[in-house]
Every structure is written in C-alpha cells, then in structure tokens.
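Each structure below is given as structure tokens.
In what follows, chain A forms one complex with chain B and a second complex with chain C.
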Partner chain A sequence: MASLQFNKLDKHFGAVKAVKDLNFKVNDGEFICLLGPSGCGKSTALRMIAGFEEPTSGDILMDGQSIISMPPNKRPTAMVFQKYTLWPHMTVFKNVAFGLQLRKLERKLVETKVMTALELVGLKGYDKRLPAQLSGGQQQRVAIARALVLEPKIMLLDEPFSSLDAHLRVRLREELKSIQRQLGITTIFVTHDQEEALSLADRIAVMNSGWVEQYDSPDVIYARPSSQFVAGFIGSMNLFEAHNEKGMLKLGHFFLKTNDGVNGSEVKIAIRPEDMEIAESSGWPAKVKQVMNLGPFYSVLLEIESLGNLKAMFPKTSQVKEGDVFSVLPNRYLVYHDAGVEEIRL
Partner chain B sequence: MSFLRKLGKDPFGIFIFIALFLFIIGPMISVILWAFSVQWRYPSLLPTQWGLKFWSQTFKRADILQALPLSLFLSLIVTLISAVICLPAAYAFARLKFRGSQFFLLSFLATNAFPRFGLYITIAVIFLKLNLVSTVLGVVLIQLVNTLLFMIWIPTAAFKGVDKSLEEAALDVGASRFRVFWQITLPQVIPAISAALMLTFVGTFYETQGAILIGLPGVRTMPVLMLSLINNQLVVQYGAILSLTLWIPSLLMLFFARRALSGKSLAAGFGV
Partner chain C sequence: MSTSTLTKKEQSRTKSNWIAYLLISAPFFLMVLLIVYPASLSIIRTLRPEVNGTRRFGLENYLAFFSDHTSVTNLVFTLWSTGAIIALLFIICLPIALYLRFTESRIAHFVQGLALFPLFVPGIILAYALIRFIGPNGLLETFIEVTTGWQGYHTPYLKPSGSIIGLVWEGIPITVLVLTAGLAQVPDNLIEAARDVGAGRLQIFFQIILPLIGRSMLIAFALNFLGVIGAFTLPYLLGPAAPQMMGPFMQRTFYNVLNPDAAETQAVITFLLSSFVGFLYVRSAVRQQKEEA
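Take a look at the complex of A and B:
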C-alpha cells in the first residue's frame, strides 16, 4: 500500500515524445485508470513505474521517496501484462511461487501464500496445471495471483483483459474490483476501453498524445469532460459548431441560452445522447432515421434540419419508430469556448 | 494403407516413389549386403558367401582404431567450442540492438554461400605458416568455421522467439538478470539449441573438405579414412562396413531429434 506521485515526468524515444510533463498523484489504496487511445503514452507511463523504461526527465515518488534509480527487480510493484505472460515451462503453482521462492521464504509459507492467492482469483485446485492447459481468462487470473502474492505496494495492470472476449472481460473486471477493494491495494490500470475505465476506477487519467487531458472521478469525467478530446473520447457525444451572439448561442437555425462564463464568438456545443428529450412543440423538428434497440433503451439517430445527424437515447416508453417526426431539445449541454468549458442546464 | 491407396491413384506419385526407392534405398541395401558378405562374385544377385569376417578385420585395422575415437573427440570438442562462442553471440544478436547486427548475422552465411574450397585453400596457406597443418588444433579451427552458421542462426531465431514480456514478468517479481536468463529464457530455447548442437556434432563428424586439406597426413578422421579406403582398396567390404558404422551418429541424432524436438521447433529455429 502506497501513494504515488509523478513529478514533471517526460519520456522521449528519440524524437518521439511518448510522455510529456506527467504530473499527478495517486492516493494510498486508490484504483486509477490511465485511459487513452493507442500510442497516447499510457503504457509507457506504466512501464516507467515498473522500471522497464527509464524517464528522460522528472521523478516518480512512492510514499515520498524517489524510485527511479531502482531497478525493476527491486521495486515494490507487481505487473500484470497485456499478453499472457505465464512461464510456459512452469506449473501454475511454480508460476505464482517463483517470486516468493526468490525471497527465500520457508516452503510451508510459500505453499500457504500461493494457495491463498489462487483461491482469491478463483483457481483453487488448478495449481498442478501448465499454462497451456488453461483458458485465456484463467491464465490472466494466474497472472493476477502472481502479482498479488508478493503483496506489492502498487499493482500495475497493462490492458490485462483486452485479449479476452466481452463476457469474460466484464466478469474479470468485476472480480478484480472486488479483490482490489478487499485488499485495499493501490492499483494503476491501463486501458483504451472507456467502459472499463468508467466502471473500475476511483479516478481516471485521460491521456492524449503523451499528456494527461483530465484527471478526475469517472462521474466528473463523464458529465463534464474538460476538453473536446475527452468529450469525444468518453462515451458518445454530439458536437456542433455554434456562434456566441447577443447573449445566445446560435447553432444551425436554432438558439440555445448561454451564461456569463462563455467567452469568444466561436464555440463548440457538446450534447450527450441521453440528455436529449422529446419536446412539446417549441423544440428542434427532428425526423427519426434509425432506431436501435439496446435492451433497456432505444438509441435513435435523428435528422435535424440545419444541424445534420444527432444521436439521442430515449426510454422504451417513448415508442419511437423509424420515420416518426417530432420535436426534440437538450436538457443539458456543454459549451467549449476559448477559456474552458461551461455546463448549462435548461 | 491409406498412403499406398493414395499412391495407387497417382501415376506421378508412383514414379517418384520408385525413383526415390532406386536412388536412396537401393544403394543403402547394396551397402548393407556388401557389409555382410564374404564373397560376392558377378553375376549372382546376392552375395555368394555371407559372414562377419570382414567386420573383425575392419575393426582390427590400426588406422580405423585410431580414426574412430579421434573423430568422436573432434566432433565433441568442435561442438563444445562452437557452443561457447556462438550461444552468447546468438543471445546478443537476438536481444541487443547494435550497429550492423543484420550485416554480421548475414556474414555467417558467406561461409556456406560460396564454394568452401577456395576459402579453405587460403586458410591452409595461413595455417601452413603457423604450423597448424596436420595438427588436431588446425582441424578443430577449420571445422569451427563450418559450424558457425547453424550454431548462430538457429539459437538467434530461438532467442528472438522468446517473448520479452516473459523476461520482464520475471524481472518484475524480483529475479536478477542472470536468473531470468537461466530460469526463464534458456528453458524456452532448449529444443532449438539441442537441434543446433546435434546438427553441429553430426555435421562435424562427417566433414571431409577441411579435414582433408588441413588434417592430412597427420590427422585422419573417419570419413577421410573411408574415402581413401574406397578409393585405394580392392576390398569393397571395408568401405561398406565403415559406411554403415558412420550411419550410427545420424541414426542416433534422428532418434533423439524425434524425441527431443518437433519439426516445429526446428522450423522456429530457422525463423520459419
């Protein structure tokens, strides 16, 4: 258990700046997700914590102590890799026990710890198998047990579930979260899957081309993405250009109210599909182009004159059908302007 | 059965089968027959007198009694030295990035890509000045040249095939670099390295060009001895018996190879 602090961390590979000016703090026991598209530097940041990459400049502090001069085999971190990295010539037991045996622990103690760890990840009785005899999900469970058994101060996971099928991914995600809560271990989880990040993390660091765009709780990141990049990356978002004139925002033929915080004449308006509502009559006339049944609700593609396509989410009770014509209005939207972002509710 | 049935429907297959039989199995049968005959006169189809008489005669010959242990010793020593030189080099080729690594890796092909005799002649001239001709050391050195390709290429490809994250995972749980190599990397490449060792051993055992040019007259290996027996002797049996004896290393290798390795690991060794 430990806290972690990045201080002006940079990593360059030749001319490529993989990580730029990383500055954030992870509290003791927190579950953090580094989220971003591929090539955004999230894996490099994680590998610097583990010690596999050396920072070009800056510092990483664990409980206030710099760890960057420590070699990876001395750091109190444990990593779960993206691919299954179990050692193929060792049994499950040996894989999990390897790190403990290096520490010259007593044999009985090693056995107890390994068995406890395997039970924790739901693989009791699998200790004599070889990795090749396990499914992908089971192998990743063993990898998690191998990391946990060392009681690391920080657990690092590099897209551990990305090669599993969707069902298994969700299940392992739930299991991981409950294990993390049970042990209270500080965890840093790298993913490009926003759903994974939103469901797992206490806080998410959204990364883009080497730096952190926003570091906040999933609720805040979803409700108030601080930049257009985050707005576009997290969840589904309708983005429109708008003019800020005479105290109103003009998009297409329509006007939306603004507030004092909005600066500049050219702004972007972002609307979540679930923030669209069917309006009485004074709204934007819309024609339903497509209806997709997503189980609990409909995902609807609307065509709005002068705005183009707009995604909306309506409850099942709305009974919308393709070809329907009605009025819609957003009940909440974000305005991205020169000086930041404003949230406005109608 | 299904093989023969398939063959029956394929005239071209039958042709190939017969050709293979005549050119490979045929001479082998002839050699075996000669080895166990005491007298075989034209025009009879089979030996006119069978027996093991020439076996005891062959293995009483002083030159053979000397050449067999020498050949085994040479092959063993060359394989060992080659492993000591080449395996670390192979690891370096696979894991370290250095300038010209591709060029150096390809350069090992050079000894096999061009007629070797030209190379050997120039080496022989140098060896003559160094008084290495007709010595065991000279033969060891010349035969080492032959082994470089297999001993570097196969293990290099094998080391490259070991997923780096396997090594990182071991480092991550606290293993030292040396332990990672010894307990994680090496076990993954054992099949490929065994293949390289066996190929090197057998290849060295059968090597003649270098052994003739550098070794004669002082150092005479089994294959070299066999050549002279075949060329100079009227007794065909000596050649046949030695040739049968020389199959033993190949057969042993095939036997171990089937057990220790699959074709897969050999193919992986060549980066296929």
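Take a look at the complex of A and C:
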C-alpha cells in the first residue's frame, strides 16, 4: 500500500489542456474517486498514474518517490479498465496468472495466488473457462482479480462497471468496497456516476474541464459543494439567481435571510430538494405539478410563481398529490457569491 | 400467436430462402462449369492412364510422377520456394504491419503507400523491371561497381533467388493488408492491460499480439501459398531452367514435352496441395463466422 501525491500535474494534447494543475494527496489505504463529466480529464489523470500517458509538466510521487519516469510495466500499480480487457485466447486462470508468470514465480505459488484471487472475487471454479464463456460482470471480476493478484501498491479502476446493468453495478460496487477494506489497498476509482462515487469513496475529487473543483469527503461535497459546478453535478440541486440587498436575498417575489459573509449584489442560491419543507402560510405558495414515488419518499416537482419549477423531497407521511397547493420554505440553503459559498440555515 | 401469423411468417421465410438460392445459383453454376467440372474431368483422366493404347483406371500417372527425379525435384523445389517466400513475407511484412498499426505519422502513411504499391504493378512489368534492376549489368550491379569498385556481384536472375525475390515483392501488399487488418482488430486496451501487469514489448508481441492475429496470419499464409504454388509469370521469367516451379514445369510438359497426361497429373498434384491449404482457410473463415454469430 502507498500514498500518492500529485504535484502541479498538467497534460496537454496539442492545444487541448486535458488536465490542469492537479495538486492533491491520496493517503495510504484510502479509496478515492475521480468524479466528473465525460472529457473532464479524470481518465487521463488515472492513465498518467498507470504510466500510459506522460505528463506535460508536474510530478506524481508514490510514497515520496517520483514515478513518472517509470514505464507502465515497472510501476507498482494495477489497473482495471473500462471495457472487458481480458485476453480472449487465455483461460481465466491464465489471464490472472499472466502477470505472476512474467515475474517468474514458482508454479505452485502462482496457482495458489490465482486461486485465492479468484475466490476473493467469487469466481472459484471458473479458472478453466475462456472470457467468452463469462458474463460481463464475471469478466470484470476476473479483471479485478488480475489486478489484485499482483498485490499492487495502488489499484486504479477506470469506470470498471459502466458497461454493466444497474443491478449488477450496485452489487459489484459493494463487493469492491468490501475487498478494498479487507486488503486496505490504496484505490483510485474513476467514474462519472455521482452515486457510485458517493457510495464508494473516502474522498472525492470532482473534476471539471481538467481542474479539480473540489477534493473532500462525500459528506462535505454533498452538503457544501464549493462551486456551482459541484453543486449542479452532485445530487439534485435547485439553483436560483438572487439579489443581495439590505441584509436580505431577493429571489423572485420572495426574501431569504443572508449573513455578513455574503459579498456582492448578484448571487446564486442553491437548495437541495430534501432541504425543502412544507411550511405554514408564511412560506412560498406552491402548486404540485408532478409526484414521483421513490420508495421511502416522494420526489415532487413544484411550481412557484416568480421562481418557476422547484424540486423537493417529502416523506411519505406528507401525502402530497398532484394539484395540491400549499406553502414551502427551505430550512437550509447555500449562497454562491463573489468570494465563495456560505451555508445558511433557517 | 395465431396460426395465420405463423403461416405468414413461414411463407415469408420460404420466399427469402428462394431469393437466396436464386442469388447464389449464378456463381454456383459458374463455379461448377468452370472449375468443378473441368477439374473433375482432369482428376478422372489422370486416374485413367493410357496403357497399350487403351484407357483404364490405375495410378500409373502418379507413380510415373513420383518415380521421375525431375518431377519430384520440381515439386520439392516448388514447396521449398513457397515456404521460403512465405517466411520472407512474414519476416518483412509483420514489422511493417506492426509499425503501421502502432504509429500515427506521415512517414507511416508513406510506408503504407510504398507497401501497397506492388499491388498496382502487373507481374510481367515487375519481372522486366527486376531483370533491369538485379539482372546482369543491371542497375544494382552498376551501382555497386561504381560506388565500391567491387566486381563480385552474382545476379540472382535465372536462379532460385530470382523467382523468390519477384514473388516476395508481389506478395508484400496483400500480406501487409491482411496483417494490418488483423492487427487493427487487437484493441489498444488489451495491450495496455498486458503492459500494466508487467509485460515488455517481446512478451506482448509473442503472448498477446501473435495469438490474437493467428487467424489473419493463416489467411495471409493461405493466400500467399495459393498464389505462389501456382505462379507462372515470375518463376518463368526470373527463375532457373532447372529445377523449375510447378507453373513453368506444367507449361513445359504440356507445350514442349507434348505430354498432356503428365502435365495434367502435375496440375492435379498442385491442385490437391492448394486444396489442403484452401480447406484450412475455409475452415478458419467458417469458425470465425460461427464465433461472431
């Protein structure tokens, strides 16, 4: 296991700046997710750690030692790729054993390690099969076993479950987290799926256009996104333009309280759907446009005069239905202003 | 599903089947008429040699071929030349195909153009160009003499190496095309996965790339084998008078020796050798279709 440090890492492809000034640390044994939309540079960053891309500038340190001059086959990392990358002409056993055989380990030892790895990923007894005889989920498990069997210091996963169906994705996600906790291996996981990142990671680096917008724990990222991009990207968020005047924030016809930390006159207010509450008559009058039953709660689309549509989450006990009219108010909101973000609770 | 729907589907399927049969009937009958029928006649004729003025079934033609030193030498020479040509083609074309697969540059495009150029040069023109280039007092000999003063050049013209050089030159485009197509089907991430677990270039080449392009190599082998074993123009113009490859040998037996029975036997033996390789090629193609299905 090892720690990893990105030092002002840049990667340019011609005029395109794929990764800009990547500058954060991954602690020993930590599970990190690089999260962002397509083309944000997260896979490029991962490929630089694996050695498949050379940084334009900056450095990557593993346990304090630079690894950027090492070729991929010499780095103490192992990668699980996005699409099934099992060698089709090799059996499951040979696929997992290949790396060990390259290291010229004894046959018995190779066999033991391969069998242990296959058992760990729940594929005991599948060793003689060819990749074509496995399902997508089983193939990705073999790929994980192939990475784990080498006992890498850092495991890299590039959207490994993106081609699987939703149910299988959730199951493999849980299994991966359990294996990671069991082995304590430092893991960097690339995904564009915020739910995947929130459920797996100890810390998430949210990337946008090559930058890391925010690097923090899932709880902090969800509760207090540092930028409007993160606020819009993680979870569902209602965003409204507001005017800051005379100690109050004016949005549409309504007013919300502000605090001394809010600078500038034009601000943006972000409200999580679950922070909306049904209020007494003093709230914002709202009409229910749509109700979606999400199991333990309702996801409700409200129409509010002068604000437009607003998403809210209400418990099942609220008994809301389409066409209902009542008042709502946020119990908590974020204000994005010139100097940063402020959290305000009512 | 109702019975009438099923009947409609069956009718539609029967109609499609008939259209398919109709479409393949023209090439099928042409193949029967121009290949299967004359080839069968030839094979039967070689099995009915003329003994004492009458034809009867027997293996005399084949016994005569395999007991004749010249015939056997020519057959062995043909097989040896074919093996050498195919080996040289793989030695030359595999690095070119690998370079084209893994390099993105203007030079790569130029190399590709150069490798495919022989495809557009007719064999007869190539033969005379090579005679002028590698023949006695040709460009190569003159160049060596002028630049180094060395006069020991031995021309490969009218020697086994003459026809080998010509046939290798002719076989380069198709071999490069087939191998490049095969390599294009090897995804980058399979190679990256191998590098990731610690494989070096040679290990990747021998343990990942070669097994994955095995089918393309078989296709390149079969196409070259079929082309070379029956080649006539280049071995006739560039190769030696003895031993001869089967193409010129058949022609000599038929026109100069005036022995059509012997020429036909040589043709059938060449055809059987080609058929075996053809069978391997067809089997591989069918397997691939089954796997893809």
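General observations
Keep in mind that, in the parts below, the second predicted complex is superposed on the first by the 346 of 346 C-alpha atoms of A that agree within 3 Å, B and C clash if a C-alpha of one lies under 4 Å from a C-alpha of the other, contacts with A are read in each partner's own complex, and residues count from 1 in each chain.
Keep this in mind: a contact is a pair of C-beta atoms (placed from the backbone, for glycine too) under 8 Å apart; a residue touches a chain by one contact, two chains touch by 3 or more.
Predicted, not measured: the structure shown is a model, and the values here were computed from it.
In the model built by aligning both structures on chain A, chain B clashes with chain C.
Of the two partner chains placed around the shared chain by superposition, chain B and chain C are both touched by A:79.
Legend: residue contacts after superposition of the two complexes on their common chain; A:227 is shown touching neither chain B nor chain C. Chain A uses residues 50, 52, 72-74, 77-79, 81-83, 85, 87-89, 98-99, 102-103, 143, 146, 150 to touch chain B in one structure and chain C in the other. Every residue of chain A that touches chain C in the complex is listed here, in rising order: 50-52, 71-74, 77-79, 81-83, 85-89, 98-99, 102-103, 132, 143, 146, 150. Put simply, chain C touches chain A in their complex at residues 187, 189-190, 192-200, 203, 207-208, 211-212, 214, 291.
By the touch criterion given at the top, residues 50, 52, 72-74, 77-79, 81-83, 85, 87-89, 98-99, 102-103, 143, 146, 150 of chain A touch chain B in their complex. Across the complex, chain A is touched by residues 163, 165-166, 168-177, 179, 184, 187-188 of chain B.
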